[in-house]
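This is the structure I want to talk about, given as structure tokens.
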């Protein structure tokens, strides 16, 4: 077999199919690649056995040589909208789970209230016209309600779940960038958006035969790149959450005061991020939690770029202002509970632990929305804990025992 | 044991220590947590056996209940600076490895040239003075070369590797945000920066006893949040790479033309990202590659927020402009080959396959810098392939067979 | 009189009223202020005579001590949408008028085509609720079409011209920032927006008595501050324009080549601005033209911050690509032909020269929109000329003879 | 004469020279242009007599047909660093002078303290190399101290005042964008920077003959475009100022409370601008004041785009927190007291009233720096007043009497 691959009688990426046994296929690829790269020995510690590759191949990864295990820590119970959750976080950053857990503990009595304020995945192709006149005509055409309906019909026919909500057109010379926004059931939805958008463009082209489709994505989507458009108009789920932490908890569990926390939040999360020229990064470390939950639950961790957008606000509350009101506003959490990595066994188990594995049986989209609320609430717990640690100044002493620093 | 934990005779996070057997500790925690959350059965598919927890505990994760395996695909050989590499990518996004591999193939003859143009991790505390007059005095004081030397001495004493290069002070009313920049050997370096910065601040405080340290991080660092400061001044490694793809490869392997690629790059990666209000996101999908290599090699995937900053440029080259010159400029790749997740066996194996496991024996920093060059070069391969797919319009057809869409 | 002012028997700002002669009022104020500041002599060169203060007082300025004359140069004829214009520009920057004029000359045969793609002034108050739950309820309420209609009725009743088009709500913890968008006839419209928005909020408050109006402006408007929201969603008039410059004009008038211009546009206006972390500044010097026309025609020059947002694109065109296609896309031109400084005689004269003084007699809004198209077209002419000067490298030699450098 | 111009025997722009009398030249141009544009009558209200064109021609404007008078209101006395100033503001925005004046009054006892924290004008050419290797070599070469000295020598020889402080290189593929930073005496300095930069590039080219100068400006300067680079690294003068407003003044003069002001500042100037995706616009209306002083004193009002960057901070102060501490931080005020419009009589008079006309006799740069401090302090007064008006909710009622709304 190895010889066959080396002599290109079998394509390396089709090994599993050729040998009819997935693990054996992976094994052979390791031998071939290890030999070619002269790192057979170095590869030994990369595990590959006892893993069900059937869900991986043709869906999640190609040219597979094994897997990296990411440790999963459990945070909670976290009281979200009256229900208790244990949240799995896959991370290799020391203290992150412990710190988030401290936040959960501080919030256990008061709980966290969450709301999803918007829901819509996006895809923005770029199309070109002969001149700005035609581009403007197309823009006007799309903005007519009956024409939008026609484009929506084309779009919606491509999926049981994808439902086009609007098209935001942007002109750039003779090009139009059309940002399609759609609900996508319990899927994160990029794939649905691509299909529906392509179909809509075909319909549009029957009216504008001089339109040239430059690319199904013109970067106004915007996927996996920092972009004000996601911060301002939202992408995926837009979520906000809130907690009121009693004075004694701030003192006894968080070891600091409301005064110090509010002052720090203003100087770091608002002013500091303003100085840094940040758009959407008005928080302490939302990306840590987003990434850890994303990896645990089979989301696309590259989407933490936009999904981590977060505004953390704090203010004194209650009599004498000794309690703390804290909110996290996250406009662009890109998540799903079906498709992608969610179909893998371990990742599916993490979703199952949260009660949101797969599609919601009766209300499509509720599982994905619940996941977004859990992400937002866990971010709040983690913000609270890290900010308290920074405010009390014990971050360096307590965390340097471990290998890496939380921020 | 379970009863002891439930009744809080043993703290849940100390289970491993209490039972003296790590895997058994994890097992008990699963039972306790599964019972508390009523998801014992749901958790079954989350693996936890046959894993060496000794490297995890006290270093990478707490409250561990198992691990999620992330499939690792292998890309290459990729010809970087005259040397062949096989690059491991941990991902659950279908087509990503295959597509990047196609890019590698297209680049196999011409190869990729890379350069590291800057190297410096950052940490920016915020300190407060009684008024702007004192803040300005401190700012001036720090800018005096001999005073900087004194702060540098304090900083450098905290580590064998950390070497302070400069302090960029920013004033905001009576606060100073001091962005410390230092080289950190083969470590990503946040931890070193924190230690050194804290020591420097102590020294500064002897000269400015009226200075109050508000927080070791004031968000100007900027870690894991979108921020223009990293794009403009760099963070971690600043890397640029380049390839000249011959006309026939563009045609036969990439199935498109230089004209189409250059046009698309202008309309998508430059204009489209400009329309989106992006700072640093002038590329097609750098974050995909950064994240996949980060997870495979034990980096902090939450740091892909800044590390994915990338400017992809394309221009015609050669006689008749039929060849393609492509460059990727990435100013803020935050990587290390020691510390954090790099110490875990599987992740260490992936580093070993690249020949950069652990600290460089003679020139500290060379391994981390090589990792940053590999990241940048692999991004170039992936940009080339996806852009070609978009230009030739076959993205939807070819990719929709799989579960998710590449961008 | 002077004694009366000094002893505060007459308020300085009411001098004109008190003496019953405006110029004499200004004269007395000069004496009082000159004496107080000991700069009576220094003030001599600041003219104040022969000026009609009746349009100034109570409308455009207070505590008036004279005026500064800004030289007005004339540019043109500029061929815009088939009509010739002579555009007045008030500036003290040497070469600016001459350079823009050269651009006009180059465009005289081909002409410039313009389109207004959107029209809507904005005002965004911030209101606070007891918690996020109530804030979300209000957000949902506003998004209901019948409720929007009710808010619109309140809004529209405050003016004959202001017509509410939409409300874009943004949540930040328990606060809502509500971006009201309305057409405003031929007025720039901030004043109308303020009135209408206040009335709408009163209506909203009858449904949400627990809503607290924090401020009529919460900076999401965004007025006179750099902001991605204006770049992405537009403010005032959104305009795009285009010209195709023949090869011989590029060579003979502009002294450069299409190849050089396109290359420079990519490296400067796209890549350079991307490197600078610009949002909306993808042009060479749109602000110069915007400011000069704004001052000449009585606009608010402080609004050039957003109004100058501009994306300049260039591409080869025609047989052999020897012609140049150039477009300017400007999404947020904030202009009016009634109100503010447009009511002053000289500024009104400049509007009259463009045929757009005051309100359009039959189609309210057409004059303001025409002004926005003239601004955009003149920007195109100026971009063309400066880019040609930079491309041919003669900028320093030719411009250093004068006092200041054009960019 | 008119016939000669019409038949192009005399170039229109050389009329003044041809007729030997400037005002008559302007007069003839008006006749020619008025006839061509058919707006002779409409032009009547645009004044042109009794104006000294000798300072305008060849320096500030071309093709002159007259001037627009901008009303100048006087604000003050304003107590800045222990000295009283009356600040001239040229504006057509009703209430702006009155409102700023109220702020001055509130600050009259406590005064405003200012500091200039940095001083350096910038110019950033873009140069191209054969490949990234050469670009990196050039970058390294420039960063060598002795080479920088050589470039500095070339630069400094071009002016008595311009002194190169540093070069910040940015790489983009095979291009380098080199941001030159220099002090420029009392001139705003763009012109000096251009000359010096060009000379430095010539020197650089002797070492890198394969370097191609694409453009003297590659937009990283960044002049007159919104750009994070100016916010983060400064441009022109970086200034900070501060005042502590006593409790009784907040109550009696500003008609509000410290609590309300601080709350509003957080919700509007920090959070609201964060939501808007602003970089540098963390204030209420700095651009209003910057623009008005710029026009009065002969600055370039198009430069208010960057010069208006401002962070306004407020916090409670004193016993019981009843006093208000307010600061304004403005990193990029681009001003000069020589060159450009400062040479015109009326504008010079406004500078003279501030005691900073022309070059400082003994310490070049002190006049320009003082102007920047006055701008910053006046911004603080205006921020205070508008924020108080918004906080007390009386903005609409009080300001709608006039023609335009202050924000």
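Just so it is clear, A, B, C and D label the chains in written order, and each chain counts residues from 1 on its own.
In the analysis below, contacts are C-beta pairs under 8 Å (C-beta built on N, C-alpha and C of every residue); 3 or more make two chains touch, one makes a residue touch a chain.
All of these numbers come straight from a predicted model, not from anything done at the bench.
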Chain at maximum distance from subunit B, centres defined as averaged CA atoms:
C
So which has more C-beta pairs touching, B-D or A-D?
B-D
Return the distance between the CA-based centres of subunit A and subunit B, expressed in whole Å.
17
When the centre of a chain is set as the mean of its C-alpha atoms, what distance in Å lies between subunit A and subunit D?
42
Rounded to the nearest Å, the gap between Cα centres of subunit B and subunit D is 39
Return the residues of subunit C touching two or more other chains; collapse runs of consecutive numbers into ranges.
170, 172, 228-229, 231-232, 271, 273, 275-277, 279-280, 282, 311, 313
Touching subunit A in the complex, subunit D uses residues 228, 231-232, 266, 270-271, 273-277, 279-280, 282, 311, 313
Can you check the complex and tell me which residues of subunit D touch subunit B?
113, 115, 117, 131-133, 135-136, 139, 170-174, 228-229, 231-233, 238, 240-242, 277, 279, 311, 313, 325, 327, 329
